[in-house]
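The following pair of complexes shares a single chain, subunit A, combined with subunit B in the former and subunit C in the latter.
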Partner chain A sequence: MKECKIGVYVCNCGTNIAKVVNVEEVVESLGKMDGVVVARSYKYMCSNPGQEMIVQDIKNLGLNRVVVAACSPRMHEPTFRKALENAGINPYFLEMANIREQCSWVHDDAIEATEKARVLTSAAVRRVKYHEPLEKRSVPMCPATLVLGGGVAGLAAALELGDAGQQVYLVERENRLGGNVGRVDLTAPYLDSARDLLTEFITRANQNPKITVMIQSKLVELGGYVGNFQARVEDAQGDIIELAVGSVVVCTGYKEFDASRIKSLAYGWLPNVITSFELEGMIRKGKILTKEGNVPQYVALIHCVGSRSLEYHPYCSRVCCMTALKYAHEIKSAIPKSYVSDVYIDMHAFGKGCEDFYRRSTEAKTMFLMYEKGHPPRIREAGPDDDCGMFIWVKEQLSGEEIEIPADLVVLMVGMEPREDSEAVAHLVNISRDKHGWFIESHPKLDPVATTTDGVFIAGACSSPKDIPDTVAQARAAAARILAKIAKGEIWADAVYAEVDEDLCSGCRVCNELCPYTAVEYDKVKKRSHVIYAMCKACGACVAACPSGAIKARHFTDQQIFAQIEGVLPWHSNHVS
Partner chain B sequence: MADKKLQIALYWGAGCGGCDVAVLDTNEFILDVAALADIRLWPIAVDGKYKDVEHMQDGELDLTLYNGAVRNSENEEIAKLLRQKSKIMVAFGSCAHMGGIPGLANLCKKEEIFKTAYLDNPSIESRNQVVPYPQTKVEVGELEIPTFYKRVYKLDAIVPVDYYVPGCPPAPHQIKTVLLAVVGGKLPPRGSVVGASDRAVCDECQRKKNEKKVSKFYRPWQIIQDFDTCLMEQGILCAGSATRGGCGVRCPNTGQGCRGCYGPMPNVKDQGAKLLSAVSSVIDSKDPKEIERILAGIPDFVSMAYRFGLPASMLQRSFQQ
Partner chain C sequence: MAVRVNPKLIDELEYFGAQDVIKCYHCGNCSATCTHSDEVFVFPRRSMRYLQMGLKTKLETSIEPWLCYYCGQCSEQCPLGAEPGESMMSLRRWLISRYDFTGISRKFFKSTKLELLFVILIALLAGIGFLFYGFGHGDIHVYDGANAFLPSHFIHAFDLWLAAAMFLFLGMNIFRMWYFIMIKSGGVHIPWWLYIKKFYLLPWHFFTQKRYAECESKIKSKVFMPWLVHLGLMLGYVIMLVLVMIFLHRLQSGPEIDWSVHALAYLATVGLLIGTIYMVKGRIKKEQVQYQKSQGSDWIFLVLLMIIVVTGVFQHICHRLGMEMIANITYVIHLMAVVPWLLRMPFTKWAHMLYRPLAMYFAGIRKNALVLEKEGAPISQPIRQAA
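Our next item is the complex of A and B:
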């Protein structure tokens, strides 16, 4: 190994570090360490003058290793790596010691915090000596995309990609495109026709030569990695079609809550208790009638069926409140003499135009009754002398009274839940699900359509209940992410990844099942395992597990980690006795 | 020495004697050894006194095969003496290599060991309950026996070692290889583990390996095993994946899990820790209670994972010591 010339830079972070840690003491102590050529402090190491100080030292003093004692590497490791690169040395010759989050922010005792900062920094110095120069590697990006699900999300994603001239395979399980939106009449809050909206999407998708629509088809296997997936799709004839794609968009949507699970609502037992989707069916046919064929006089809408309940789903299904208001409008216009009551917990009208829609609904003489979360409404059959078919018991919150309201038709606003096949789909495309079964995004706020598997995106209600505008926005966002990758033409894999030394691998296969990114592959002919670096996220699971020590994590080698550990431990000699 | 015969010594430290027997197991080859070499010290088979060794010139011995760990002052003294007199010092067998089975004593205090061996032991007559002391006064003077140390050491913790021959015991063909290499002057780089593979036992094991998911561990007698399938996959603990090969897959081929006697792979510092990683990686559950239940099927993991290498592990001993 070439002689190490290490520069140590200790940051004050304004007063963030310096108010607890005695920075000058750390600098003085580190300056005496073996291999350290220069040790300096600065007010803000991440600032331009701070970085320039490092760059100049590398150039003037011939430094070949740099240790920055500052904040978390999550914050500024890329900044300082860039500085090393600018000075002409490999960016991986940097090591950071976190003396802010791990010292000054969590300790009051200045003496102990200073000692800890010194120890962490000297451990970094010991580690950096073993750093190796690393290079990033690239793989080609296949421009075709597999879109799973032909609902409004899948259609929007496919059109965005197809219109940009890229090949799309749109795979739909059912025998028609349109998904759940295809079961709806009008949409809230502007009462536009769902059919018009969908027809345009479906026609365009079918006409676009870049979009291959595959109905009654399903994904059976997905192999490979970002930019280079191999998908096997079973089509309507039962044939397996092999597709090479660079990206996958999962738009598998949701299913409605099974209302028969809530016994007090009598769904499936009283014939005129129906779900919101059954009402949509009546509206689409043009007639709202009871099972007996009568025009209902009293219609009640019950909110949060399966949603916002500890017993069923704790989350809000987001679209049902506005859909219920839409029904109030539709019922009133279809049966002007009817009485519509709306039985709700809270009215969620957060979307664009929704609050206005709510206000107009209250003016349309709908009776709003507020019930308490813990006391859901109960439905019973009316007697022969009553002028209605059923009664709904409600513990009304605003009046504080327990009342019964008449109903001939009760519409249950069933919430959304993950599809039964969500676990299988998650397994197929290697993404995670939350405790409810919704697919998990890479970051809920900053990266809402990506997943932890590179190249696999999620859009629409498969990740959580969503309305049409949010769904379409997500689908187009996923398409934009994919188009950006296609435009680049290649995928750059991080230089930090695990690799198998095939001379040491015995093919025991302990590592095979472990990788959360399915980056470990077993070669049955060679009887050795190997890591596909483009898929590896350098989590280290296989490295730790490999009983033969044949898997090495670049930038996290045993040697580097042991040197770092030895740096924080006091030295004990072996005394024979 | 005029005939330039190889000058060799074999020593038995803290061990069972199996390594010496393994040397004899080379059968007729031992006669070739006798023809090629002067055996200057071999307490089990040849007359030779420590005094004779003390009188040798430094480096007079070409080769010492030291088997057994260092457990008492005699082991240490002779290790140092033989090191001084030998050109090549070989840690021979698991005990010298890594501490071996005696090294498991590092889980106990010296007092506990004495209690079990000399006091609280049904095979000892009650009036004879006495623990060894280094010095004992008798009528004619003071008698001295070696001091029993608090810990067991592997040989290279005491003296520099040139080569390691692993195994409990080393396989006869390995012993031949080592002796012939010394005779022929064809020695690998110092510090090498000789006569073993750089790949794990699994590499030579013919059992079929699949992705591993274990939901229950068995002792070998608790299950009728499939001889064609990886033992670990059947829930039988096998150290093969964490152990250097070269032994000829002796244990798995007879239906027993590998016991790990050839020690860790070249890049590995701690064989037991690696085995722990391997075992925890194949457990087929994410539920803590279920995992606990599965792990309860392994009665004494430390003794299993560090059967031959506790003094060579990173922790080396129980914290109580």
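Our next item is the complex of A and C:
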């Protein structure tokens, strides 16, 4: 091994580090270590002059290893790797010691903090000696995309990709496209026809030669990794079709809450208590009637059925408030002499045009009655002398009165919940679900359509309740992410990943099941396991588990880690000083 | 026991002027801005809510609409244009129709045409009646004395009959008002002696219209003037009523002026004239919130009053100038306006002249009763809840 020439750079981070850690003392102590050619401090090491200092030292002093004692490597490791690359040496010859988050920010004893900073940095110096030059590798990107679900999200994603000239396989479980939007008559708040929206999407999807629509089909297996998935789809005839795709967009949507779970609402027991989707069916048929075939005089809409309740779903289903207002409009226009009561907890009218829609609904004389969260309305049958079929008991919040609302037809605004098959789908495409069963995004704010599995995206109501505009926006965002990958043509994998020494591997397959990213594959012919580096996140689970010691994690070799441990042990630190 | 909401009530209240109450989303700005709203009688928000929900019994038994004097601050503060002031006004109209057991009031509020028809019919009947009597018993050329076209003893007797009819209707209405507010609403036990203890409130509020002046406005003159005019109009009317009922023969005597009655009569006339002109002007200009939404009924009241004042003054002048025939004709026209104007009183907004001081009286009793209850005075009967 070539002689190590190490440069140590200790950052003040303004006063973030320097106010607790005696930086000069660390520099002085580290400068005396074996192999250390130069040790310096600087106010902001990540600044351009700071980086330039490192570059110049590498060039002038012939450094071949660099240790930066500063903030967390999550923050600036890429910055300093780039500096090494600019100076002409392999970027993986860098090691960082975190003396800010793990030292100055969490300690106030200056003497002990200085000692800790010195120990952490000296451990980094010991480790960096064993660093190896590593190279990033790339894999080709397959431009085809598998879209799961033919609802408004799936259609939007497929059209965006198909219009860009990329192959799309649109897989729909049911015998028609359109999903839940296809069960709806008008949309809130502009009262546009849902059918018109969908017809355009479906026609365009069917006409686009790049989009292969597969109805009554389902994904049965997904193998491979980002850019190189192999999907097995079972079609209507029961045949298995093998598809090679580079990305997957999951748009499996939601199902409605089962209202019969709330006993006080009498759904399934009183015939004229119906769900919002049943009302949609009536409106689509053009007749709003009670089960007895009469035109209802009093119609009541009950909000938050299954939503915003600790007992059922604590979350808000987001679309029901405006949908209820839409029903108020539709019922009033279908039956002008009817009286519509809107029984709600809070009116969520946050979307574009929604507050105005609410105002117009009040002007259309919808009677708004507020009930208390946790005290759901109770429905009972009316007596023979009453001019209505049912009464809804509510503790009304704005008046403080306990009231009974007359009703001939009660519409329950059922909330959204994950589909029964969401667990199976999550397992198939290897993504996670939250405690309610919604698919989890990579980052709720900054990366809302990606998942923890590279190449698998989520869009629409499968990740949380959503309205149509948000769903379409997400679908198109996922398509944009995929088009960006396709445009690059290849996927660059990090140089840090696990490798199996096939000579040592016994083929026990312990690692296969253990890998959280399904990156370990078993070769049935060779009877050996190997790691697909494009999928590996270098977590080290397989390395630790391998009974034969056949798996090695690049950049985290035993030698490197032992050297670092020795560095922090007091015996060794004392020995150095 | 849960109260039943009635979605139909809001439709009915529209006839009484509550067009915008549906817009209210209960921010409470109106109640916060109102000087009359207190911890016992919270309004207009609570009344607005009852109205939206159609809680008929709650509204029928509520006293709050009478405690509002429509300064218009609430409507100016309302962020949604729900017109709480006008809603309270319409509730007062509705309450008048609820107090009226005959159902005539309700019909008048629902149809101005009907009310107009009633006024014209009564006016014609009165006109025919008085002309018939006049030509049968008197001389069109004589205004005063035993041979007069319409001698004061006859008009006086007629007045008494008219007054009896009015008091019959009004008495029934007041009884119903008392029953609704003090008995049907329940909520607190009211000891009988409180009716005596608080009785002073009735004349006090009747003759001072004090509450009107307490309405808050940024510009004090905006409150002071309406109050003064309102008081002038009210006192003018009361003085005139007393003079006509008791001293009619002296009012008509002449041609020399009898200052013992005429001084007061002139004062009352000035009050009535200024009040009427002020209100007509206000309703035409529509600058103040309370004058922006006039109903046909309001105009009938003002136009009749205008006719009454003008013809009253004119016949007086004619008689002093010796133009007896013109004075007599004017007198008939005057009576043609007075009779329907008085007869419609128990059925229209005009009745608020009595209901308002009564409401202050009842409110005082209820408040005192609540205080007693809080202090732990023995409750002789269980608290009734409004049905």
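Note that the second predicted complex is superposed on the first by the 571 of 577 C-alpha atoms of A that agree within 3 Å, B and C clash if a C-alpha of one lies under 4 Å from a C-alpha of the other, contacts with A are read in each partner's own complex, and residues count from 1 in each chain.
Throughout what follows, contacts are C-beta pairs under 8 Å (C-beta built on N, C-alpha and C of every residue); 3 or more make two chains touch, one makes a residue touch a chain.
Values in this document were obtained by computation on a predicted structure and should not be read as measured data.
Upon superposition of the two complexes on subunit A, no clash is found between subunit B and subunit C, which fit side by side. Shared-chain residue A:Ala18: touches no atom of subunit B or subunit C. When the two structures are aligned on the shared chain, A:Ala473 is found in touch with neither subunit B nor subunit C. For the superposed model, the angle subtended at the Cα centre of subunit A by subunit B and subunit C works out to 140 degrees in steps of 10.
In the superposition on chain A, contact of A:Glu401 is made with subunit C only, not with subunit B. Counting the residues of subunit A touched by each of subunit B and subunit C gives the higher count for B. Applying the stated contact rule after C-alpha superposition, one finds that A:Ile561 touches neither subunit B nor subunit C. Look at A:Ala545: by the touch rule set out above, it reaches subunit B but stays clear of subunit C.
In the superposition on chain A, A:Glu513 makes contact with subunit B only, not with subunit C. When both complexes are overlaid on chain A, the residue A:Ala110 reaches neither subunit B nor subunit C. After the two structures are overlaid on chain A, the closest C-alpha atoms of subunit B and subunit C sit 49 Å apart. Shared contact residues of subunit A, touching subunit B in one structure and subunit C in the other, are absent. Contacts from subunit A toward subunit C in the complex involve residues 298, 339, 341, 359, 362-363, 365, 367-369, 391, 393, 396, 398-399, 401-406. Within the complex formed with subunit B, the subunit A residues making contact are 501, 503-514, 522, 527, 541, 544-550, 552, 558, 562, 574, 576-577. Considering their complex, residues 1-5, 7-8, 10-11, 22-23, 25-26, 46, 49-50, 52-55, 58, 80 of subunit C touch subunit A.
On the subunit B side of its complex with subunit A, the touching residues are 70, 76, 149-151, 153, 157-158, 198-203, 209-213, 230, 232, 240-242, 245, 264-269, 274-275, 277-278, 280-282.
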